[in-house]
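For reference, chains read A, B and C in written order, and residue numbers begin at 1 within each chain.
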């Protein structure tokens, strides 16, 4: 297994780090989906904050099937949060933004990478403007050639598929495979399973698809090691900070 | 349906006996066929049919409730879950053997059913139906909230062998079949029992029943408790046949499925009827697994269609036939 | 705590609207319409399809079309179950569950399991009174509820149909003896109920988004409101809705938002134990 999708603990930690160091806000609250996604985010956020002698201001969970998050928003608002990390689907993000607008709560939002998707804008309208996404993938609108290729190829071969983060995710995985396979072919070795695995384990700081600095070694398969920060602005997803390593404490804590 | 064949009044013996033999033959035939089935089928179908049989017990519990009290429940997944989790917890904690677990699970479900129906005992049935909606919806959230006890999303493991040396698939199958036989036998014989007769009398002739000390309120409570017990019994068997219990198996949708099965089986308490209802709700989703929306529509049409055919169309035909016969005479 | 209660009142108005639709049908037909939520959801989907979702109609025209559609469907539904009603409410109730499933399936068939945005055509306005935020949406909900309740009151109190409705709901037998057409009254209540459902759906969807389950999920609270207020009391269910809205918000805020359905269950059971006739009823145990 050579996974690219990073543990959500890492994304949550990166988000918190950005809020603390770049935005200078330290009252972080977490709204999390009560499954593996949310639990990992809580783990990562707890770890990065406690490493800096801080704690989560408050955290509230919700069930996947929940559609109304106003109770959760009331809680984080009453606790005086400046920053809210929401770890759930884009529907939950949309619902949370709406609830916040209803009670006129204004703060900074962070959401997982897969919500930095045009479909989220369709749900939220301009409420999404200003939301941050810590993402292991460059934004869909970025001008890197690999992403331009994705934007060009998909409408050509799959005219019914919408461009989106999930597509870019798959594109990136396939790109990495292509990189490894080319290396294998140019090395002149037999294209066997063992040899491919050996080549994959030499991937070091490679950029593929929309991801960057991918590294695998024989004993360490935490492929993704850096994330960018994306901000939703006027219907687009803009890169506000380039690839930067994950907070070390959390990176050490996630399993290899 | 609205006038189930079970009434409190003594039936016309001479006319009933012929029908009765047919019913009994059909039941015995079904049991024999199901008993021999594992000879011909592979392990996938063996497992599917084991589930179907366990599901049948839960369907029977819904039919039973409609038959004996005229109430509709769309929250019976709660009692199925109660039975399933009781047996799982008893096995994982104090290591209670299977049969003991089944007995306790049945008793606990009956008690929970009684507790639930208590506040609405004197109210009209609609209140009970509406409250079962909330009952059905709260199952997964309760199970997830107390994850330390219930094992959360992953759920709990249930031992699926009672005796050594026999393949667990076969054990699951025959336990489910035996359980369904017991459940249908009890539910069917219940009609002739003292409590059954009292409940039916209270339903059809409330004043007469009250004279015997059975108010319609207590009759409804009893019917609900017995129905919950059957559901819990089915749940414990379901846990055994799937060898695990998790919140996803007890969502509100399962209650809808049970009701559809009960209606399609025409609220039957006979094993062949129950098997037909269970087969419908097991096979339709399997055949249409890629077309979720059609499952909803087919279930809806089944509810509506069966209800209308048996309450409107059939009585209309019967009336017409009778009228014609009277003319001729 | 005040903002929590305030939000609860606004949401509670929506539950009241949902509950009023259920109670209208119950009062005349003595049955519960379990298809109420799914049919209302279907109306909301039609509005979406006619406006942003493709046809691009003006919002008001789409709403009018959806209301007409809802009326047509409710007539059809009533036609299907009218004969069942004469026999037993239980079978009619099961039939409405079937209709609800069909409506839900039709939504999935036509619109898929995607989620959509369906807002009211309102400006982004918000002002603050006594430390509580008040948005254009809140104002819209409160005024729509007020208008609906007043209109309903006028129709029931002042029109011939309203008088007949009251007569049938108090004593159907006497009403029939007096020569009132029961099915006309039934039709009136089903049609009104379906319109109330669509209005409630259009108002509830903007708080989250439109999906095949949004409106049916929300209807649980409406059912709870009707149970707590009394299924045979229009004012009771309106007050019940607000009670449910406020208490749900308080429970989610102070206890656990994940246990909302369980809370509603407990609330309903407690209410049935202590106020078996609904919160406004003096006649204890009269709901048999």
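In this section, a residue touches a chain if its C-beta (ideal position, glycine included) is under 8 Å from a C-beta of that chain, and two chains touch if they have at least 3 such contacts.
All of these numbers come straight from a predicted model, not from anything done at the bench.
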Most centrally placed chain - per-chain CA mean versus overall CA mean: C
Which of A-C and B-C has more C-beta contact pairs: B-C
Where chain A and chain B are represented by their mean Cα positions, the distance between them in whole Å: 47
Separation of chain B from chain C, taking each centre as the mean of its C-alpha atoms, in whole Å: 31
Chain centre separation in whole Å, for chain C relative to chain A (CA means): 40
Interface hub residues of chain C, defined as touching at least two other chains: 258
Chain B: positions in contact with at least two other chains: 141, 144
Where chain A touches two or more other chains, by residue: 34, 63
Touch list for chain A against partner chain B, complex: 34-35, 63
Chain B - residues contacting chain C, complex: 1-2, 66, 70-72, 74, 116, 118-120, 122-127, 129-131, 133-135, 137-138, 141-142, 144-145, 256, 259, 263, 292-297, 299-305, 307-308, 311-312
Residue ranges of chain A touching chain C (in the complex, touch as defined): 34, 60-63, 65-68, 70-72, 74-75, 78, 91, 94-95, 98-99, 101-104, 122-125
Residues of chain C that touch chain A when the two form their complex: 3-4, 7, 11, 115-117, 119, 126, 128, 133, 135, 137-138, 206-209, 211, 213-214, 217, 249, 252-253, 257-258
Contact footprint of chain B on chain C as seen in their complex: 26, 30-32, 34, 80, 83-84, 87-91, 93-95, 97-106, 108-109, 113, 220, 223-224, 226-227, 231, 256, 258-262, 264-265, 268-270, 272-273, 276, 285, 287-288
